[in-house]
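Each of the two complexes below includes chain A, the first together with chain B, the second together with chain C.
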Partner chain A sequence: MSDPDYVVQTVALSKRYGRKLALDRLDLQIPRGRIHAIVGANGAGKSTLFRVLLGFLPPSAGTAHILGRDSQRLTPADRGRIGFVNEEHTLPGWVRVDAVVRMQRRLYPRWNEGAFAEVIGHYHVLPEQRVGQLSRGERAGLNLALALAQSPELLVLDEPTLGLDVVAKRAFLESLMYSSAAERCTVIYCSHQMEEIERVADNLIILERGQLKNMSTPEDFCARVTHWVADVPFKGPEPAAVPGLLQVQRLDGLYHYLVLDQDETFAEFLRSCGARSMQSMPVGLDRAVNGFLAKNHAAPAAA
Partner chain B sequence: MWDLFKAELLRLRVWALAYAAVHLAILGFLMRVVDLAQQPLLVYRVFGAVYALTGVLLGLYQMAGYRRPTTWLNLLHRPLAPWRIALALHGAGAVLLAVGVGLPALLVAVGQETMTARVVDLRHWLLPLAAWLIALGLYLAGSFAMLAPRRVALAALVLPLAWIVGGASGPWALLVQALTVAWLAALAVIAFKPDLAAPPRHPLAVAAVALPVQMAVYLAFLVLCFGVEMLWIMQGSHPLNSATAPAGGAIETDRMDGRQRLLAGLAASDDPQAPLWREQVALADVLGVGWQLGAGLRRQSLTNVAPMEFDDGERRVRWVFSHDRMRLEGYRLTDSAGTGELGIGNDTAAFPAPALPAGTLGPLPAGDGLLIAGDTLYHYVTETGRILPRIHLADGEPLAGVQPLGEAVAALGARALTVYDGRDAADADVPLTPRLRIPVPGAFGDLSAIDVVERVDGYLVSFAFTAQAHDMRGALPYQVVLAVDDDGTLRTIARRDIDADFPALYRYQAWWPSPFLHALREGARGLFARPDALTATQCAPVPRAIVWLAAVLAALAALGALLLTRNRAFSPVARAAWIIACAVVGLPAVASLWLLYRPQERLDTVPLAHAAAA
Partner chain C sequence: MIQIATGDSRPIGKQIVDAVRMKIATGELESGDQLPSVRGLAQQLTVNPNTVAKAYAELTAEGWLEARQGLGLYVAPPRQRLSDAERARRLDEAIGRFLNEVVALGYPHDAVQARLLHAFRALVPRKTA
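Up next is the complex of A and B:
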């Protein structure tokens, strides 16, 4: 049974490609409202999750519900409640912008012309232009405007700014953040750009190897990760012995430790290892997530 | 949906218009050079193949543009049922093909009708529709090939083969085409779903997809047999290309000349006069009887076996048979101006059946010609410009051919060889009167050779039935020798059973892998086809050993289904249905089960690795 308070609910969801597990018994519940960011390294299962949720891929095991409906049994009406924008911004390149808008307007009963105008106003897109003539950034903007004008209950953005330049990226984010339509729906935002996540996300979901590793506000996650700099003469402690270690580096004779879920007792640990001085400092989301994801990144077997 | 349809038209409109322009230019050029309405079958087949290729390429190209996962997701993730999206895209494809393929053909027909005196019948007006249906059918097959899982992608291409093997003609052939297109459209719609790799769910959809897959597997088996046969021929020991044909077999009989065939037949005779006849045959001239028509002509058949026209060299007029008017329509070879109609007799009555020029006979005046129309032979008299009936077979028996037989004239019908007095042949006003009627001792479709020796008081006639020696649709090969006296007395003096040269396994290779699919194939051949006495055969019963082989294979198929369905996600009813289907259809059904359904994905079967591509 699905809970109406959640837009996405998966229970022990697994998807297998041959011998590889893209989703590994994933239990995920995304509540209604706000912007939820999903991050993960390549291969973490993000796109697979979206494809399963939208009914384009069957799960190998477990269940997936989206807006309360079994993802494998979505009706056209259900699809009308879910907006989707991906990184390719696939629209027919041979069609004029005004024709695309007309098509969507007829297709979606809850079409919101104001929301469309609000977003497309951030871009210099002319109605008579063909989609193929638009820049990548303009196409991304048009796609976002179309998706928000559908008045979806859930908007899924799968790496929408991938390949955009800095200006286009900023325009995209601003048009999303300042859109009143976006405020009325739940947004799932998947990206590798931590500065984007930091700006837009209310909730941070980290997937790793198809498993849920974190679900909290970005601030809470940042608070879990700390950066310690220690002056340890001679050889520092063995990495395996360092509690909560995400990363270790030695720069200019100082050891830099990025650790997870460590409080002041970590200073005691460093002292016990011979550290003469040490200091801790907070880290940004980018550093925290990267450190977290890099911890278990695959590496070739030692020679 | 309407917007998607318009957008898709917009996408390919330039290509369609360019194709239409080139197509029109080619047809227009050919119309100036030849009469496109009177081409032999091969020409129409070449055109049909080009239209089919056009359709397949369009289907592949159009759907390749949507096949990529993200594009597919964007296309189908909208508040519109997938079948409506499929209808919009394929509807646009159908319109584009109508513009590119059908319209130029129609314009050329209009041009031929309005700008020339050539014959344009209803059947010619139907040709653009037939061309469009060919292109449309293959377009849908191409679309299915692009969208369906790769394992079954080519299965849809097997359905249009019904057009090649089918025996229906005229509007009935169009109906067969339309039904096939409807099936292919259903396949395209079934393939049009979010999860492209998923097998169909609804029982009707399963049947619609599984049957073509089974037919494709069946066809693949036959092609494999053909390939093995080619290797056999290359190796040099195949009976058909070995230097010496197997003794007592059909190939040896086919390679014999008439005298050898008669002697071989008489060798099997226990008639007391057989030794005497053998001596006569060794000394006498042996006459062969051939025929001009291998199949009956149908009114408004879309294509011609051969051009239905002949030239009057004296008047410089070309006479072309019109299926609408059932008369010949003429135009001058000098200036292409029309010269009117020509029917039977002085009042130019309509022919009772389509008339095909059949050459001439030795005794006829130069320039005169013959026409075969149904059960009657007509004589075109150059001198008077009239057409007169000369030979009429009784009871509507279709006439296959006419030729001189010594001093006489022989007319071969589907049921009998009739001998006429040749002295009257040159006199156009006199219908020929039958002198002897010799029934064909078998089915005309099995007949391969007739050899005749004139006796003092009659004829010795040998009928060899080896035409279907290697095909289970016909009779097992045999030869019959008849002694016919001038007074009409007829005796069978020999019947020789001829070896089929190949084992029964070979002759029945289309049957034992799946009697069900063989029956389906035969059903497709006969769908809306009128029986034709000229192609009718006497099918020999299937040998008991072959029946047992088929039964064993069916049992193996049921067992295979039982095993395969164990690790696939089937309800008990679906599982039982598949096992029964495999028992009925045979091994091709097991193959279709294996191709359509992959084993259920489980997490505990093999050691798993993480980090699949996201």
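Up next is the complex of A and C:
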């Protein structure tokens, strides 16, 4: 079953590579409209999720629907409703830009020449150039222009701005946020760049080891994380006893705790551990997400 | 010009709200001045238009801005925008935050007060003049 209000719906979706579980009974529902950012450490399952959703990979268990269709049974018409840009911006290097455009125009019945021109106009791409002669930023722009000209209902972007310089990145984000074609579609976008996500995302989805860990606005996620500094003489509490602990550091004799979902009662906890003074402060998105992901990040077993 | 910074502990929407309030408080934006469009400000700052729309909605709900049908948003005429109790509560809250930060710096009280007074004078030349 699938609900038309969601562009993506997975139920207990798992994908196993040998002994490794890339998606672990993932239940994810992404509502239609707006820009959704997916973040997660490397190996959290983002790319696997995209591959399953786009029908490139079969799930090991569970179901995945995209635009209301079973992702394993997408027809060419369904695919026409989905734009996809991946980090490598893969197109054969020998092909000329105008030839790619001609091909796409023929393939997609809802091809929108105006949308293509609006996006590609940000880049110095000439029709007679071969894809292999374009810079990384130009290829990213070309791919985004091609995807948006499809007039997709859903645009999926896998780390689209990786390796772009500041100018190319800005042009890319502008097309994503302000072009008329992008306004009409739902965007799902994965990235590691928090300063970009802060600007772009309406909704922040955090995946960790193939499971959903957060789905909220970026501000609401930030508000879940607080940074406490406490002056605890002698030894602080055992890390395992600290509620909601994401990270602890001892700097210049003060304990710095990054904690999740703790309110003012955390001060009482610190006091009960012998803290003489303490204060809390809000953190930015970058710190909040990094702290969150660092908690369970793989590390060699302690010596 | 409103400016925002990513990486700040204040979300971008909050930074926009603060910046507009500050500009109204200092008289840089006056009653009747028009604000940039949602899309225009979003593009100028390279942020999601929804973020700007939410910030504008908050400012409008608080009475700082008013919408004129089909024309956009304008700075509302000055009036007391919050109830007395809410004003007092916010003032207490702001003072609490300020004290927390400042006490740790270890300045004598009168030095802090003098600096504060100086900052206020620089901030609202029109209102105290």
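Operating definition for what follows: the second predicted complex is superposed on the first by the 303 of 303 C-alpha atoms of A that agree within 3 Å, B and C clash if a C-alpha of one lies under 4 Å from a C-alpha of the other, contacts with A are read in each partner's own complex, and residues count from 1 in each chain.
Please note the rule applied: a residue touches a chain if its C-beta (ideal position, glycine included) is under 8 Å from a C-beta of that chain, and two chains touch if they have at least 3 such contacts.
As the structure is a prediction and not an experimental result, all values here were calculated from the model.
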Q. What is the contact status of A:P31 with respect to chain B (first) and chain C (second): first, second, both, or neither?
A. neither
Q. Taking the superposition as given, does A:Y178 touch the first partner, chain B, the second, chain C, both, or neither?
A. second
(Q) After the superposition on A, what does A:R170 contact: first (chain B), second (chain C), both or neither? (A) second
Q | Partner chain in contact with A:G244 - chain B first, chain C second, else both or neither | A | neither
Q | Partner chain in contact with A:G284 - chain B first, chain C second, else both or neither | A | second
Q) According to the contact criterion defined above, which of chain B and chain C contacts more residues of chain A? A) B
Q.
Taking the superposition on A as described, I'd like to know which of chain B and chain C A:G274 touches: first, second, both or neither.
A. neither
Q.
Looking at the complex, which residues from chain A come into contact with chain C?
A. 34-35, 170, 173-174, 177-178, 194-195, 198-202, 218-219, 222, 279, 281-286
Q) Of all residues in chain B, which touch chain A in the complex? A) 3-4, 6-7, 10-11, 69-74, 76-81, 194-195, 198, 601-603, 606-614
**Q.** Parts of chain C lying in touch with chain A, wherever the complex brings them together
**A.** 6-14, 39, 42-43, 45-51, 100, 104
Q. What part of chain A is in contact with chain B in the complex they form?
A. 14-17, 19-22, 24, 40, 42-48, 51, 54-58, 60-61, 74, 76-77, 79-80, 82, 84, 86-88, 90-92, 94-95, 99, 102-103, 106-109, 209-210, 298
